[in-house]
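Read the structure below first, then the notes.
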Amino acid sequence: MAVQEDTQGASFIQGQAVIWLIGGLLLVAAIALLLPDVRGMLGNSPILQGVLTIVLGVGGCIGYFWASNIVLDKVIFPAKGANAGKNINRANMVRPWLFIFPAFAALGLYLAYPVVGSFIRSLYDRSGDTFIGFGNYAWLMQDSEFQQAVFNNILWALVVPAGSTFFGLVAAQLTDRLSWGNIAKSLIFMPMAISFVGASLIWKFVYANDADIGIVNAFREWVFGADSVDPLQVSFWNNFFLMFILIWIQTGFAMVILSAALRGIPEETVEAAIVDGASPLQVFFKIKVPQIMGTIVVVWTTITILVLKVFDIVYTMTGGNFGTQILPSYMFEFMFRDDGRATAVAFVIMLIVTPVMVWNIIQARKEMR
Amino acid sequence: MANLKLKDVAKVYGGQVEVLKDIDLDIETGELIVFVGPSGCGKSTLLRMIAGLEQISGGTLEIDGMVVNDVPPSERGIAMVFQSYALYPHMTVYDNMAFALQIAKKSKEEIDRAVRAAADKLQLTEYLDRLPKALSGGQRQRVAIGRSIVRDPKVYLFDEPLSNLDAALRVATRIEIAQLKEQMPDSTMIYVTHDQVEAMTLASRIVVLDALKDNGYKYSIAQVGTPLELYETPNSEFVARFIGSPAMNLLEGEIVATGETTTLRTRLGAGTITSNVPSRPEDQGAQVKVGIRPEDAVATDSEDFAFSGKVEVEERLGEVTLLYFERGAGQNDPVIAKLPGIHPGMRGNTVKLTADPAKVHIFQDGTSLLYR
Amino acid sequence: MANLKLKDVAKVYGGQVEVLKDIDLDIETGELIVFVGPSGCGKSTLLRMIAGLEQISGGTLEIDGMVVNDVPPSERGIAMVFQSYALYPHMTVYDNMAFALQIAKKSKEEIDRAVRAAADKLQLTEYLDRLPKALSGGQRQRVAIGRSIVRDPKVYLFDEPLSNLDAALRVATRIEIAQLKEQMPDSTMIYVTHDQVEAMTLASRIVVLDALKDNGYKYSIAQVGTPLELYETPNSEFVARFIGSPAMNLLEGEIVATGETTTLRTRLGAGTITSNVPSRPEDQGAQVKVGIRPEDAVATDSEDFAFSGKVEVEERLGEVTLLYFERGAGQNDPVIAKLPGIHPGMRGNTVKLTADPAKVHIFQDGTSLLYR
Amino acid sequence: GGHLAFAPGEGDFNWDSYNSFAEQYDLSGQSLSITGPWTGQDKDLVDSVIAYFEEATGAEVEYSGSDSFESDFVIAAEAGNPPQMAVFPQPGLMADMARQGNLVALPDGTGDWLRENYAAGESWVSLGTVDDTMYGFPYKIDVKSLVWYVPEAFEEAGYEVPETLEALKELTDQIVADGGTPWCIGLGSGAATGWPATDWVEDMMLRTQPPETYDAWVANELPFDSPEVVNAIEEFGYFARNDDYVSGGAEAVASTDFRDSPGGLFEVPPQCYMHKQATFIPTFFPEGTELGLDVDFFYFPAYEGEDLGQPVLGAGTLFVRTEESDVTAAFLDFLQTPIAHELWMAQSGFLTPYTEVNPDVFPTDTQRALNEILTNATTFRFDGSDLMPGEIGAGAFWTGMVDYVTGEDAEAVGAAIQERWEAIQ
Amino acid sequence: MDNIAGRKSSLNWAVNLSVIFLVLLWIIPTVGLLVSSFRDRDQISASGWWLAPFSAEQAYRARTSTEATPEGDIFVVTGNVFEESEATGTLSAFGVRSIAPGEFTVGTVADLGDGESLSIAENGDYEFRTPEEPGRRGQRIYFTAETPPEFTLENYETVLGAGGMAQAFINTLTVTIPATIIPILIAAFAAYALAWMQFPMRGLLIALVVGLLVVPLQLALVPLLRLHTEWGIGRSFLGVWMAHTGFGLPLAIYLLRNYMVGLPRDIIESAKVDGATDFQVFTKIVLPLSFPALASFAIFQFLWTWNDLLVAKVFLPDGDQAMVMTRKIADDLLGSRGGDWGILASAAFVSIAVPLLVFFTMQRYLVRGLLAGSVK
């Protein structure tokens, strides 16, 4: 199977990529032209404006790296003259900072700064004038809806990454050797392309409390002759029905990454296990899965983090009713009304992820050793 | 503890690429068979077919009298040691060795006993708790072997098990394998290697694979025999050059006298050289290749020599000295002589070579006169 | 085109792990120096320090009289061939070779000329458009070498360049490197290898690294010399056993007569054996090790032998036969004799060995009597 | 500016008011940005009204609508660049914004103008007033106390439009007895699920308690778990929590989308006979449904026994401004011309308490009748949940109602909401 | 591996079947939506989408026309029910009461009392006889008909035809393309530095990146918008790019660094010996070799920004000039047509078309295998 992929040369791949990119842009332009009111607008040419802004944005970014390097090497520490060697060394000491500067500037500004600001805000009351210490947190602790949201959220953080990773792994493994595997993969990946709002819509259909609209109820009626129920009101289990939506979306992500990892497993180890008498299931769970554990961690982490940030599904499907509240959507109840409490909830969310982070940092440390 | 019978075995990849054809081979219980052959000739493929990792496209494979073409690998009672070791990177040495037994649902004690016995035999006891990445190459190799031993299989398959080791380790591990074989006189082993020395020292019989004459891409068995048979009486130029390092020198020549022994004149020599290979009267005047192994070549001062040339490169290995001669315009492979001891300053000298009649081989159209 | 001077060079990893110490070495323009030593002794580290990929922790490194400790790799005028080839997988062979020149902003024509010349020299012309993964191991190796040639560097560094090749290719490539060196008599080369034969055949001088006596984890230079110097007159047990394969046999013995030549009696022998190594009167009765290379051991019928034992294992390689003797209770490494020719059926026989006085080495406390 | 929907000077419109307004202002070159909750068809309609303002003054107006207008406005305000004017559907949020200093008071005298020209003017003034300052100008009103039905379905079954709440309950039982389902109730609305129930409860409050009690409730002077409120909730529960009374059973109430809910009226055979919802709901009727012909409404009646008159519950939108400028003042002035109301009235879905407008411009009798409900109201009360603080009116109240219809006790629900309310004070 | 002897074909079957099952499970919801997007609102609520391809018996209502021809004392109204309603297909029964739409069989004459009678022929022609002249409202007729499957493009026309959709499309691209490329570019440099360059505090910075992965976006919106306003960027494309860059960076750095660390050290050192500076090593060696990882992340970031609503809402100005598709659909289309599932469905499909296109074209780069050949 490696043979197939290797037949393409790398430069060929890159050439292809460029062709695809140009082709894609042309296609997009063509689609745009087909839309009726584009032609009219070509007069003040928003496409041209769009292209211009894109070129400026991306170009500016490339320009920074390119120019700053030139300045560093040619102007500040020129590799010429008496202390060329020293200059080169100095330039090399500065360069890492040059490389990470934009990233960390952006991280600091867009993430670290709001985090600090928000934390301070969470210590103030509703109006933002009175310092109340951990009052908001204390209030949250006794709020029963908050307690439920925390419980549900922990459930989400456990079930969704596990489910997505599991299905992703199974899909990656099973489709790997199928002649139509790529098609299957594409179909399983498709939900990734659907926005959360679109996905909620799709699932509203599936779960509709009407055997004439919702396939779940139609199925129940057809098989068991049961009356239609509202899956989203089945207490406790409705959480899982909502989680399944996110699993359905994220499986594609897990599958794509894990499939690449599975291909990286040396085939001999698998063959050795077969000769050792392992069944396909044993080969999968005892040989393959442990070997891609690192990738599984990455996938798991990414999805966990996503889960803790996503509120759209609960928000649009149940609005947090029927005992399905989770922290991000709970936070929305306060957002713009009582920012003190909203930010406090946000910090509770971050707290929940902390174990995952710590685990990751430990993992990264191990790797570096 | 098993004998293998390959009958007309063939392998076709993807319905088109024929790789192996007409493989007929009987392997007796307790033998250690070595497969050698040029890279890409299908040695691994053959091994993998025996293991069941590759479907057999034609012919039958019998183990202990039972046709096993369609028996899955796990039920063939074989163990395989891969070129890349194929250790399970996430398991300790102990678990690597125990894996097959755990799969077979053996009892804890039984597993422990088998693993510790094997570890003992291979001096791995103190590494049992380590992961493979914390082992040196040689240790990994031994774990791979240990993994096969614990299962006590009927047949062992080794696919170039030593090719990733450095020279010193290779020698040591080779000897270990030889001793292992000796401790288990009833087990059948099949061993693939590129390495001359391994083949010669380990094999009870060597199987040489070569391209079929009619088609350069299909391979079959060229010769089967004990190492010394192959060394002393190769049946073809191919086998002759393949066994022995550096390869046998082949000099173009002509038969000038036939009979119990044969007298030859080479193109690059003066005078004649005699071979103990008998020939028929009708061979008189036939164009043949005269084969002399580098180590059989002796420098001579007499005017009766089979080859004479200027030493182009001289490699002094201490114990022996290799002399490389240019063969003449347009011909690439040098003639090589291996002289015992140290001979400094030979470079640029013209040396004349001849050989003992017992050690002169004759090939006509690629086939040895002995075997026609 | 450069000479290198290492003065008191040391390497400490992470402020704690001392790896190398007191490395003093002068390398002349045009030399081909080979570093050998046990695995993990710091050969690669030394090479990487010369390349500038690793900071030098102590001492100075001069290239052409200039201290380059703080000069980055790109400015040192060196080229390096990595053990793993380290070809750029996304570039064609041509681009791989042209890369350094493009970085150096050479003109298109100049680059083309240099690349084609190198490709020609290495017979790579027809592969110039391929990607590395479409090449065989030997070809990749040649590309890696070609990549260094085009830059016409002052110093070439090779880190075990052949260790990933199979035996046949290794021989061929080794000879190519030797020829390459000959074509470029002015270039300085430093070569790291594990392989005896490579070291012996390629080196103008060999540098043997060994653990310092006081500390098993710090390494330094044990001996420097031409291959034959090291083979014939090793300064220590370590070098003696390290150079030559199989390793030299060391037999425990006692000096029984001193003078221009020395007479010894071994523990496992009967009678005496003479060595051409001179000794002082005060050596009389000293406990020493008597060193005899396997290839120097000769079977004898006389009662005057240095060693006698039962043949445990017999390896017939065709050209030579290796005999392994057990040394006696509790001692692991066998005594080995390498006899020319084929000697079937020796196994189980008791054989007596002795050696030519010119080839008998004497070591006291690990050091050769010649060098004290 | 778009094209003008009605040529000036034609029809029954008060063109004079337009002309005098046009003479008064010349704002060419100025621009005005407005955001509001109206999207889609409503956006087209408001644009058509704005077009006349642009035509009259020469100013450029950009209206942008959003379904999540509230959070958009808050974000824009927090970030310091809010639109010049905005349309608030919820007085509660407007009050929050005003207290945070994001809004600018309306010109002096606006209150007096409202008292004079709007029916039940005082209640409109108090609606737009926060802490004695007037910020919101009411424009475009919805009436909520309506029950929609299919006249032919009533005819075929022989039902009469009930005049009293007692009669309505009788009719409900009658329908059940005939084997039909009387009501379609749907509370589903994504994140806002539950709000339609608040309208029910408010209507029930007005039908069981005097308006003063209603006001006290809205101001939380009467706690949410007081017997009065609990009773109103249970009055709603009388309809919604009875499996026989609602299409799909009580369970379906919480999950059926309020937009899908009226669909049951039009099925064959009908899934329900009545649907209580505000004036905007015809947008969600099946295509081609003709008001007055295929579907009609009646006033959600009051208890005969309670003697509380004909209370009407309504909602509406308030124009606010975030800067004091000529152009915003001019626009507010424009909203005080009859023409600004008539233009929208003449199209669809617009009710106004403005007494100066000419009701003849309504395209259908139905709409005229609707407007009459508004003008005839003896008691008019604004939607209570919109007046409560956001956490309650657009949060706890909603979810509390969902909890109630899915089985929780009215008292417990009331207590939970009250607790929440106390927590934010 | 594919040729293991004795592998049971039943296993193959099992694999095929389970993949089919999985795929079905995964696409059924989407298929449902797709089918629904071709149906109109009434059809959607009338029958399940899985019944769409079949003809269905359905009840309809029609109203007789109000034009009557007097015939003696009675008035006769004729017409065709199919013309008076949206029904098609073949008539099976009719009635005059909503609760019993199939009361009478076709061809019979239904006596409605009060001297009124109604008959309907198979082809839908009806004859209504009444003693009174009909008023504005005609007589209701209910009937059941076997309706053939029917699909419509109307929903798509509505969505695509909505004013400003084309502009929204271009705006979305203007947002997504730089919002995909810029963070990848910046992250790639940082990831390289964190993976392969030596400098103090490197470990700390890596930990920081992992830590920042979890910051909830919502937290950052308002403070950042305020910041943008202070800087004079306000709400603009530049602002939205910067925001997406900031929010996308932690994951980008995390994934890319993880990949780059795995590149063979020898190759990078070899380039250094060849004279390349860090910048050159990065652009000429590391970047091309990281192509699979870059492509994967590009796809994900593209999908996220394409489907993003929140960031666009906060950081782009209101109004059509900068309206992106998600916002157009969510606020403009759905707001006013919340209950119209057909429109919602087609809107969803319109918005996933481009991401799918991107995925299918980029999919082939998601596999590893570029490194083969660099090492033995």
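Of note:
The first chain written gets the first letter, and so on, giving A, B, C, D and E; residue counts start at 1 in each chain.
The rule is short, and it goes like this: a contact is a pair of C-beta atoms (placed from the backbone, for glycine too) under 8 Å apart; a residue touches a chain by one contact, two chains touch by 3 or more.
To keep track of the chains, here are their UniProt names: A = LacF_1 protein; B, C = MalK_1 protein; E = AraQ protein.
Values in this document were obtained by computation on a predicted structure and should not be read as measured data.
Any chain touching chain C (MalK_1 protein) that also touches chain D appears here: A, E. The interface carrying the most C-beta pairs in contact is the one between chains A-E. Here the chain at the heart of the shown protein, by mean C-alpha position, is A.
In whole angstrom, the spacing between the mean C-alpha positions of chain A (LacF_1 protein) and chain E (AraQ protein) is 18. Note on chain placement: the centre of chain A (LacF_1 protein) and the centre of chain B (MalK_1 protein) lie 54 Å apart, centres being C-alpha means.
Centre-to-centre spacing of chain B (MalK_1 protein) and chain D amounts to 93 Å, using the average Cα coordinate of each chain. Chain A (LacF_1 protein) and chain C (MalK_1 protein) have CA centres that are 53 Å apart. Contact of a single residue of chain C (MalK_1 protein) with at least two other chains is seen at positions 72, 75, 89-90, 131, 133-134. Shared contact sites, meaning residues of chain A (LacF_1 protein) that touch two or more other chains, fall at 6, 10, 14, 92, 271, 274, 332, 335.
Within chain D, the positions touching two or more other chains are listed as 75, 78, 189.
Here the touching chains pair up as A-B, A-C, A-D, A-E, B-C, B-E, C-E, D-E. Chain B (MalK_1 protein) makes touch with chain C (MalK_1 protein) in their complex at residues 39, 136, 163, 166-168, 171, 175, 178-179, 194-197, 200-201, 227-228, 231-232, 243-246, 293, 295, 313, 315-320, 324, 338, 340, 342, 344. Across the complex, chain C (MalK_1 protein) is touched by residues 264, 266-267, 269-277, 280, 284-285, 288-289, 291, 370-376 of chain E (AraQ protein). Contact residues on chain A (LacF_1 protein) toward chain D in their complex (touch as defined above): 126, 139, 209-210, 229-230, 232-233, 315-322, 329, 332-338. Taken in their complex, chain D has these residues touching chain A (LacF_1 protein): 70-71, 74-75, 78, 96, 189-194, 248, 251-252, 254-256, 389-391, 395, 398-399, 402-403, 406, 423-424.
Per the touch definition, chain A (LacF_1 protein) reaches chain E (AraQ protein) in the complex via residues 1-2, 5-6, 10, 13-14, 17, 20, 23-24, 27-28, 31-32, 35-38, 41, 46-47, 49-50, 53-54, 57-58, 61-62, 65, 69, 73, 92-93, 95-97, 99-100, 102-104, 106-107, 109-115, 117-118, 167, 170-171, 174-175, 177-178, 181-182, 184-198, 201-203, 205-206, 211-213, 215, 218, 248, 251, 253, 256-257, 259-260, 263-264, 267, 270-271, 274, 280, 298, 301-302, 305, 308-309, 311, 328, 331-332, 335, 339, 342-343, 346, 349-350, 353-354, 356-357, 360-361, 364-365, 367-368.
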